[in-house]
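As structure tokens, here come the structures.
Look for subunit A in each of the two complexes below; its partner is subunit B in the first and subunit C in the second.
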Partner chain A sequence: MAKIIVVTSGKGGVGKTTSSAAIGTGLALKGHKTVIIDFDVGLRNLDLIMGCERRVVYDFVNVINKEATLSQALIKDKRTKDLFLLPASQTRDKDALTTEGVEAVLNELSKDFEYIVCDSPAGIEKGAQMALYFADVAIVTTNPEVSSVRDSDRILGILQSKSRRAEQGLPPIEEHLLVTRYNPDRVSEGEMLSVADVEEILAIPLLGVIPESEAVLKASNQGTPVILDGQAEAGQAYSDAVDRLLGEERPLRFTDVQKKGFFKRLLGG
Partner chain B sequence: MSDNDFRLKGSVVTTVVLEVKTPNLEQIKLGLKEKIAQVPQFFNQAPLIIDINQCSEPVSLDLFQTLVAGCRELGLAVIGWRTSEGEIPSWRFDCELPLLPNANSRQINIKSETPAPAKDPHVVIKTVVEEREVSQPTKLITKPVRSGQQVYAPGDLVVVSQVSAGAEVLAEGNIHIYGALRGRALAGVKGDTSARIFCKNMEAELVAIAGNFMLSDALQKIIWKDAAQVLLVDEALEIASL
Partner chain C sequence: MGIFDYFKSKSEPSSASVAKDRLQIIVAHERSRRTQPDYLEQMQQEIIAVIRKYVQVDNEHVQIQLEDTDDCSVLELNVTLPEKND
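And then the complex of A and B:
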């Protein structure tokens, strides 16, 4: 049986798709056969971040409606072995997702894959609820600011009450906190919540802290998951998060203010 | 909302029930008079329910009204009557008194100082304690109450975790929160003014007891991010440290 991971947040624009692409790629790099599903029907983005937008023929909704088979719709990643993508439909809306249809697709994928990463749309409506309904593990993506934290809290409540595991009285979804766009300088100046603040409010274990980085934007525009950029702090932070997800221990990095060197201070860097 | 104009509340009153066993009015009246003479203060304007369930013969409207008049003459305040559900008489709506439901109540016989006169077997007077304090089990929540979630407890509520901002916990009794209270907590929602809220870390958006509430702005000036209890003193909320 595959492990179903939902990447969710409640709020939009916090980095769900970036994180889905990075974590899915990271799992595949570790040798686990992984598929990433874009649940954001109508606002398809994951294919852009993964750099395979020109290879989309059939999509998730086609498979649900049995207009295409899974093997026709799945896109094999060209860079990373063991990585596949199931794109969302751009021309439909979230009503195209039915519980039975999603379940059938997930069951079929479970036979072949070790990990199924569900990239949730923003909000708490049908699309987001479909993405999290069958999950075993949730990665709650949060920016260190109050509105994002509150929306994440709301999503945690939905994970505990409206998921399949909650409805059937199974063991609850494993919850992980992923803090993204973290800027230690702004935290020290009191402009941003600290990791400790976010952890205290949400009270779930921390999976990782991804520093705010230009590399993320660059990677998105180039269609390369940022985790493949081994030089970037954000890429390294995602690698650490994937390792922790697989049960390994990694010290927290990039959460402290970097001391500026003599030349940097002199040149005003 | 017209909270200032009136308030609806549930209330429990101890009443006396007169169980009529025979339609022998004169005897009943005599017996009652004697009973009343033993403890006149107790019976003066005491609320009385007439129970005709055990009467040996069907009671006519005429007889019933005479009985009511007789009771009133003796200084009793008749507030209603009872009978078994299967034998409701046709004059039910003509007697101008409410037909009350039968309560599964405990019975307490009054012990008079002098031995009860045994000569009148027709009248038995019982006080029926209608006050039934049914204790509700305490509701226990062990996981955080998240934003958007609402928890209601018909008795006391114990949360062994936090209550997030945007979450709401309500209880008819007390609320105990062994974590941070960042959302709303409303205790005594059915009007219990003795209910209290206890929390380990007060950061609430709103606290309320029996409809009297206080918002975070006011709370911040009293106790903030510290252990606190909220109680009602003379219809005003008081926030005390724990």
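And then the complex of A and C:
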């Protein structure tokens, strides 16, 4: 049985797709056969972030509608062994996802894969609800910013009431907090919520903190998941998060202000 | 923080702590609404309508809370009546 992980947030633009690509790639790098599914029907982007946009022939909705088989629609990643992508349809809308259809695809994938990473669309409508419905684990992606934290809390409420596990009275979805676009300098200046603040408000265990980094944009420009950039702090922070997801202990990195030189401190900036 | 910042007033709370306070309030409010039964909202409206037949009160002066303890639920109705002007 595969473990189904949903990467969700409520709010858009917080880094769900970046995180799905990074975490899915990280799991595969650790030797776990992983598939990442793009649930953002109509606004597909995971293919672009993964750098395989020109290899999409069939998509998730084609498989649900039995217009293509799963093996025809799955794209094998060229860089990372054991990693596959199931792209979203670009021409349909989110009503094309049915509970029965999604369940059938997930059941078939479960036979072959160890991890299924579901990249949720923004919002709390059908697409987002489908992405989280069958999840065993949720990674709640949150920026240290008021609207993102509030929306994350809203999504936690949906995970706890409208998921399959909630409806069937099964053990609840395992919830993890992933704080992204974190800027320790601004936190120390009192201009940004700290990790501790966000943890306290949302009250779920912390999986990782991804520092705001130029490497993330660079990686998406190139279509390479940022976790493959071992030099970048963001890449290393995602690797730590994947290790923690697999049950390993990793100390938090990149959350403290880096020491500045004497003159820089004197003059500010 | 540069040398010039030391001259600034220290009494003003940081914007991050304002954000945290605001979030804690709104999140607690939304969570309590999330756990309450669906009928509560409509019941609240109807109770307010009944009270208004006799006394003129604003919505914000009628508070209804349902609290669950281990073996019973308590419905608490709190109405702040307007001050007497006569």
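Basically, the second predicted complex is superposed on the first by the 260 of 269 C-alpha atoms of A that agree within 3 Å, B and C clash if a C-alpha of one lies under 4 Å from a C-alpha of the other, contacts with A are read in each partner's own complex, and residues count from 1 in each chain.
The rule we apply is simple: contacts are C-beta pairs under 8 Å (C-beta built on N, C-alpha and C of every residue); 3 or more make two chains touch, one makes a residue touch a chain.
This structure is a prediction, so every number in the text was calculated from the model and none was measured.
In the superposition on chain A, contact is made by A:Gly190 with subunit C only, not with subunit B.
Measured by the number of subunit A residues touched, the leading partner among subunit B and subunit C is C.
Residue contacts after overlaying the shared chain place A:Ile201 against subunit B and subunit C alike.
After overlaying the two complexes on the shared chain, residue contacts for A:Met1 are found with neither subunit B nor subunit C. Shared-chain residue A:Arg150: touches subunit B and subunit C both. When the two complexes are superposed on chain A, the residues of subunit A that touch both subunit B and subunit C are 150, 153-154, 157, 161, 200-201. The part of subunit B that touches subunit A in the complex is made up of residues 143-149, 161-162, 164-167, 180, 182. Across the interface of their complex, subunit C is touched by residues 145-146, 149-150, 153-154, 157, 161, 187, 189-194, 197, 200-201, 265-269 of subunit A. Remark: subunit C residues 1-5, 14-17, 19-20, 22-24, 26-27, 30-31, 34 touch subunit A in the complex. Contacts from subunit A toward subunit B in the complex involve residues 124, 150-151, 153-154, 156-158, 160-161, 200-201, 203.
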